[in-house]
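Multiple structures are listed underneath, in structure tokens.
After this come two complexes, each holding chain A, first together with chain B and then together with chain C.
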Partner chain A sequence: MKQAETGKKAWRNDAYSKVTGQAEYCDDLKVHGMAHAVPVYSSEVHAEIISIETEEARSFPGVLSVITAGDIPGEIRYGQIYKDYHMLADDRIRFNGDVIAIVVAQKREQAVAAAKLVRLNAKPLPPLLDPEEALKDGASLVHEDHIFEGKSCNITNHHKIRRGNVSAAFKECDFVIERKFNTQYIEHSYLEPESGLCIPRYDGVMEVMGSMQHPFSTRRFVAAILGAKLSDVEVRSVAVGGGFGGKDDTAALVCARAALAAKILNKPVKMTYDREWSFRESYKRHPYIIYYKMGIKNGKIHAAEVKIIADSGAYCSVTPWVTWRSTVQCCGPYEVEHVHCDTYGVYTNNVFTGAMRGFGSPQLNFAIEQLVDIAAEKLGISPVEFRKQNMLRQGSTTITGQVLDTHTVSLDQVFEETLKRMDYESKLAKCSRGRADENSDELYGTGLALSYRGMSLGAEGMDFNSAIINVQPDGSILLEAAIHENGQGAESAFILIAAGELGTSVDRIRYRQPSTSNIPDGGTTVASRGTIMGGGAVVTATRELKRKLAMALCCRLSCNPGDIRFFNDRIYGKTDDVFLTYEQAVHEMYLQQEIPYAFGVFKAPKVSWDEETGKGNAYFTWVYGCQAVELTVNRKTGKVKLLNMTAAHEVGRAINMPMILGQIYGGMAMGAGYGLMEEVKVKDGIIQNTNFNTYKIPRAADLPEMQAIVIENGDPLSPSGAKGIGEPANELMAPAIANAVYNATGIRYYSSPLKITVENENNNK
Partner chain B sequence: MPTFAYVCPPTLNDCLKLLKENPGAKPYAGGTDLMVKMRDHAVSPQMLVDLKKIDKLKGIREDAEGNIIIGALTTHAEISESPVVLEKYPFFAHACRWVGSQQIRNRGTIGGNICNGSPAAETLPSLYILDARIHLESISSTRTLPIREFFCGPGKTCILPGEIVTAVEIPNISVEFSGSYHRQGRRKVVCIAMVTAAAMWRQDETSPSGMRFSIALGSVAPTVVVAKNAENYLNECAVCSDDVIEHAAMTALKDASPISDIRTTCDYRNDLVYVLTKRCLKDIICGGRELK
Partner chain C sequence: MIMSSFDYLKPSSLEEASKLLLENKNSRILAGGTDLLIRMRGGEVKPEKVIDIKNIAGLHEITWEDGRLVLGAAVTWTRIKEDAKIAEHFPALTQASAEFGCYDVRNRATIGGNIANAAPGSECGSPLLIYNADVIVYGPSGERSIPIDQVWLAPGRTNLAEGEFITKVSIPLYPASTKSAYRRISRVEGQDLATCAIAVMISNPEEIAAREVRIALSAVSKTPMRAAELESFLSGKAIDGETINFCKSWMHRNLYPRASSLRGTPEYKKIVLGNLLEDILREFGVLAGELI
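After this line comes the complex of A and B, so read on.
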């Protein structure tokens, strides 16, 4: 193990342009003759559409077109897994964010004004809002044509784990803990709402720019709505103001609708969402209902029975994938012999849910890490001791039967480092446990949580990525990879990786944002896979380039290809006095009619999964993390004051240390919001808080000092050695806070965000 | 955003004339409430009369009698940093520091805060216990109203058409006194309070303890309310012990009639009334100190 040097200077290729405001985001772009499109919503939550009247809106000054589902030349319905999303509602309104029409006008203000004139005639239907009701036989159907396992129902997916024999195992246990947990809807809160600009090009290609996480997914949506071929749509990157998993489906839909308008009008069309539309329509993190039964025998977690119900809302999006991760990680980073898990995704008429930073783990960790503390207390031992007795170590077997022996299992390292840095155990002894000092209302508590996390997509999907490296005649280098820059610093990481491999300075390398038309689809920028997968492809490409250079240059450098070395921004022969600069090297290559260009692919090592038994090597590698918090709770107001947050994460190899620290600090902050304040409030299927004045995220003033410990164990299965940090950093703080609040107040909260009850001396009123 | 005319007259007279002649016109100060409401179509003025050029509406001065006169256009940032306010009424300066963020405090004015009439407005509980007086002016008249008579409902004030607030006056307090303000929001900054509370005593030989109390509560009723029951109880007690504070804080609940809304529940507001009143009283009484 190496504890990485955390003091390194920050480096970003886009820092200057972003700090100075020069970076262009989609809504900054203007093209000649551009029209503006806006969505039209209805007040309905669930209704049968009878007709949509657009005449009045059409005659509003400046309006160019009002488009409804009937105008779609291609597919009306699309989706990442099931094609269940009506890009414009045609038969029914299935949730309050359904778009019934789009209004296109010369000016955005005109479009906004005209949108109010579109009338919907609809027959309201009773909305199905409770996911447990929706699971029942005979429940009304959100999608009448949806069939799961041969049956019409609201279930989007059912994942299972069948390990050992739980019913027998529970009988052997010393005690069994049974609890129900509920988690809330979370809005991603990316700074930049959705935006798309589509330009019908002279060559017949629809060119798309937009705020998105995955240009290839956008391309599929656009091609579908237009009825076009993938090669007839080109999606180009522009600066993106954050995603956190939230810039997939909705971002793609916004671009698809803009493309539809652009196609119909044969002119450039921009569609930029305001915050309220974004809150209303975009998918959220799934609220979960978790029924958990944990059996303890001889101080070990012997058996676990878990039932998970995830509200998918009106559309499926990636619910089966999100909930698959929840299933695989349903026992946390512990060895458990007997596991029975049933996970359901279910349709309702609520806002739809999908990917969000954490992707199914924050919900489960909120439950597991509290249960582990509960179990320790029942046993009368410290939660630290109990975790040590149960946690995964080198060579351990996971609940899906995967043996962890291809990488360093660093759970004990992240745990020990956190305990040491926090002086955790002595602080644990000082917790108030419901009893405040004589003259203070502040109760003190500390808590922590542990996790392991499968990297990248795992058996959820095909997992590969590619990169292109292209040395120019003057020796400068263009690099590109099929991972998208959402603001996280992916481009910088790739430049650093390539510079490291080639022994050049970062200034020699310019990152070129690829378009969907010049690089193969490398999968979406999700699952903390950017650095591991994109970086893997960059390494492969640079190695291929070095091979080509060595072959071509060995004569000039009077040595064998294998003797050639790349460092100091030059290419060396056997001895340090024989070298070529990149300019000379490229010149030599061109003389030989060799192109210093390489294409590299990184294919994820093999994984496996059996849907029926829940067995398999779910992910090819894993990361480990621990986060802890100290806080006080005011027993009279319930106000929580965070005093300190500490995290230790294993990242494989650290590529850009300040960016890792940024991910960890931001992840803890977001996790604190999940634990304490954030909640999309839905009443009768309608979101009540659609802007940041009512949807509260933590601000700097609400956050305490934070410390991050970064642990490096280069991963042999990752070409760059790096793994990931985006999501691991955001899956632990909420349960750590819940445990700390318990240690402060003596009260357990099973729902997030914690709604702390106060001592109501006045409630005798 | 709807369309409207915008004017920025150079003199107060011009402003008042325009306001009188155009019933659809509204005074525009910092705009931090007005712009939000216009965007949400809660108000749709046909004309905005920007007051920003009227220098005599700006700034804080103390007159010969020790009254502090705060011009309506004075920003929260200016009040919270004002040496005279910090010296005489530090709790009021601190109240202004709670408003929004630095940017909002740099733009938002005391006049706007008062005229907007929100029961959660940051400055109001302090102004209530300070017995502030509101100076009003129209093209044809001027008048002064005690703040307690200024509001007639949520967002409703007694300002007549064509009238504006020119200043807020805090009358000098010639006896010993102590005041405090507490508020709680969902998070620390940029957050409208769920409940606000201010309390004060002034030396008064006629009351048994030698102190006369005033308490005002915000965001617990359609307007800021005076906690009459709690005040009366305290004004009759001879000694302000911890028990008395406790009982007074409980009594304040009778003065509040909160509702549940997006910010919080009625029950939690009641909890906060008790806690915040108690905090204010503790601050000003320093743990049961007697004045006599």
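After this line comes the complex of A and C, so read on.
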């Protein structure tokens, strides 16, 4: 184990253009003759569509077309798992963000004005808004043709874990804790709202640029709506202003609708979303209802019974995958002998929910890490001690039966480092527990949370990635991988990995702007899999390139291929005085009619899962994290002041340290928002806060000093040694805050965000 | 995107501005624009004429005359926040200015605009109420002065007549012994509207019999309001734990914040305002046992 040096300088390939504002995002792009498309919504939450009247809008000055579902040449319905998303509403309105038409005009202003003239005739239906009601037999159906396990219902999926014998085990327990938790909707709050620009090209290809996290998913949506083949659509990447998991379904839909308009009008069409439209239509982090029963025997978590209900909203999106991770990680990083878990995703007429940074873990961690503190208190021991007695260690078996022996289990390391850096245990002793000093209204508390997290997709789906490395005649190198740059620094990480493997400077390597027509689909940029999967492919490709170079150059360098060394931006033979520059090396390759080009694939090691028992090696490797917080709660106002947030994360091998620190700081900040202030408020199915004046995210002034500890344990199953940090950093701060607020006030909050009550003194009758 | 077209006018005199305002029924005064432009963008207001008053001489001035502070309507919140003399005489106003918006909003937003916007939780509301400020307006019949507690009628509605607009705010000076303070609660630090706020002023804090207490509350009613009943209860008497408890209970019995607020529940606002009042009185040193 190594605690990494965190003072290294940042390097990014896009820093200059982004800092100076030169980087062009989708909405900055302009094409000659380009028209503008905008969506049309209705005031309905759930309704049967009778007709959509477009005449008035069509006659508005500048309007080129008003497009409804009937104009779609391809498929109306699409989706990542179930094809349940009506790309334009045709039969029913299923949530308030359903798009009933697209208005295309010469100017965006004209399109926005004309959109108000589209009329919907609809028969309102009672909306189904409570996920527990939606689960009941006889509930109205959000999708009448949806069948799950042989019957019509609103269930999108049901994951299970059946480990040991829970009912017998609870009888053996010293005590059992039973609690219900609720978590809220969260908006991703990416800086750049959705945008797409589609150009019908002279060769018959529909060219698409947009703000998205997965160009290949966008390509599938576009091809589906157009009724085109995948090869008829080329999605090219432009700078993206953030995603946090939120630039998949909705981002793809915006591009698909723009492509539909471009196809119908045979001209370039741009569709850029206002923040209000983005809030209204885009998917959110799932609100969860969690019923948790935890049994303790001899100081150990002996049994856990968990029922999870995730509100999927009107569409399925990736709910089965999100809730699968919740299921696998439903007991946190602890050894538990007996586990019974049932996780349901369920349709309602609320805004739909999907991927968001954390992907099913923030909700569960909010519950588990509070339960662990509750258990420790009942036992009369410190929450630190209780975690040490229960946590996963090298060779431990997870609740799905996976033995953790292929990598370094660094949970104890991240825990110990956090405790040490915070001087945690002496601070724990100082907590107010509801009693303030005589002269102060500030109640002091500290709290922490631990997690482990499966890396990449695991048994959720196919998991592989590829990279292309192509050395040019002058020795410069073009590199690309099938992972998308969403602003997180993926391209820079790949350049650093390739430069490290090839022993070149980063200046020699340029990242090629990716296109879906150039590299194979490598899956979406989610699940903190960018660095581990894309980086793995980059390593494989560079090794293949080095093999080719060594075979071709060994004669010139008078040695065996195996003796050739790559460093100092050159290619060396057996001794340091025999070398070729890259320019010379490529020249030599061309003379031999050899192409210095390599394609590398990294396939995730095998994983397994049994849907009925919840047994399997769910993920091929795991990361470990610990976050802690110190805060005060003002007992007169309920205001929480964060004093310090500290995180320790194991990342495998660190590639670009300042980017890792950025992920950790940003993750803690977003986690603080989850715990204390962020909440998409929905009333009768309609989102009440659709911009940042009413949806509050933490700002610099809300945030305290932050400290990050980075632990490096290179992972043998990751070719680059690196794992991931994007999501682990975002799944711990909310429960740490909830524990700290308890330690400050003596009051537990089981719903996020915490709504701190103020002391209601006796006389306030 | 502002979806309605409008003419931008920039008169250079009060007369001209009032005339334009009177002639154009659907027109709006523009000062800082931090409220107006957002509402125009949202389509809530669609003025045909936008009349910018920043070119009118005198509206940018901060003057001290005849025992009064006079703030031009176009004085920005940054200037109020940074004025040491205002901080000395009207600390509640300075404290409110520090909570107002954020740097860039304070650089544009004006005191006149904040009054004219008539928000129930406006930052200027409680401080101007406790200081008995007068709002000077100019209109077709010339200049007139409106006491601050008669300016606001309802959210977004003021007592100004057709063709009238705010030109100045005039605040009387108080003896040096007077104490005043402003406290507000918001969900995040900075750039959020107040969840609720309170301003308190006490004159003659050291002479109980002559003591006058003024209390104003924001974001609990349709307009910022004075709590007259509480004021007469607290004025001229020693304040102790029991008095404080009465005040807290008064908040519960007499305040009816709207339940639909995204920022705080009625119950929370009522409790917190009582606590903030206690806080301020303790800080003033007027809680029995500490000063007397």
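Throughout what follows, the second predicted complex is superposed on the first by the 762 of 765 C-alpha atoms of A that agree within 3 Å, B and C clash if a C-alpha of one lies under 4 Å from a C-alpha of the other, contacts with A are read in each partner's own complex, and residues count from 1 in each chain.
The rule we apply is simple: contacts are C-beta pairs under 8 Å (C-beta built on N, C-alpha and C of every residue); 3 or more make two chains touch, one makes a residue touch a chain.
In this text, all values refer to a predicted model and were calculated from it rather than measured experimentally.
**Q** For the overlay on chain A, clash or fit between chain B and chain C?
**A** clash
**Q** Which partner does A:108 contact after superposing on A: first (chain B), second (chain C), both, neither?
**A** Touch status of A:108: second partner only.
**Q** Does the superposition put A:28 against chain B (first), chain C (second), both, or neither?
**A** neither
**Q** Have a look at where A:423 lands relative to chain B and chain C in the superposition and call it first, second, both or neither.
**A** A:423: touches no partner chain.
**Q** Go through the superposed model and pick first if A:688 touches only chain B, second if only chain C, both, or neither.
**A** both
**Q** Who contacts more of chain A, chain B or chain C?
**A** C
**Q** Kindly list the residues of chain A that each of chain B and chain C touches, one partner per complex.
**A** Correct list for chain A: 109, 636-639, 677, 681, 688-689, 693-694, 696, 698-699, 701-702, 758, 760-761, 763, 765.
**Q** Note which residues of chain A are touching chain B in the complex, please.
**A** 109, 636-639, 677, 681, 688-689, 693-694, 696, 698-699, 701-702, 758, 760-763, 765
**Q** Chain C touches which residues of chain A in the complex?
**A** Touch residues, chain A against chain C: 108-109, 112-113, 274, 441, 636-639, 677, 681, 688-689, 693-694, 696, 698-699, 701-702, 757-761, 763-765.
**Q** Which chain B residues qualify as touching chain A in the complex?
**A** On the chain B side, the touching residues are 1, 184, 186-192, 249-250, 253, 262-263, 267-268, 270-272, 274-275.
**Q** Quick check on the complex: what are the chain C residues that touch chain A?
**A** 1, 3, 38, 185, 187-192, 245, 248-249, 252, 262, 268, 271-272, 274-276, 278-279
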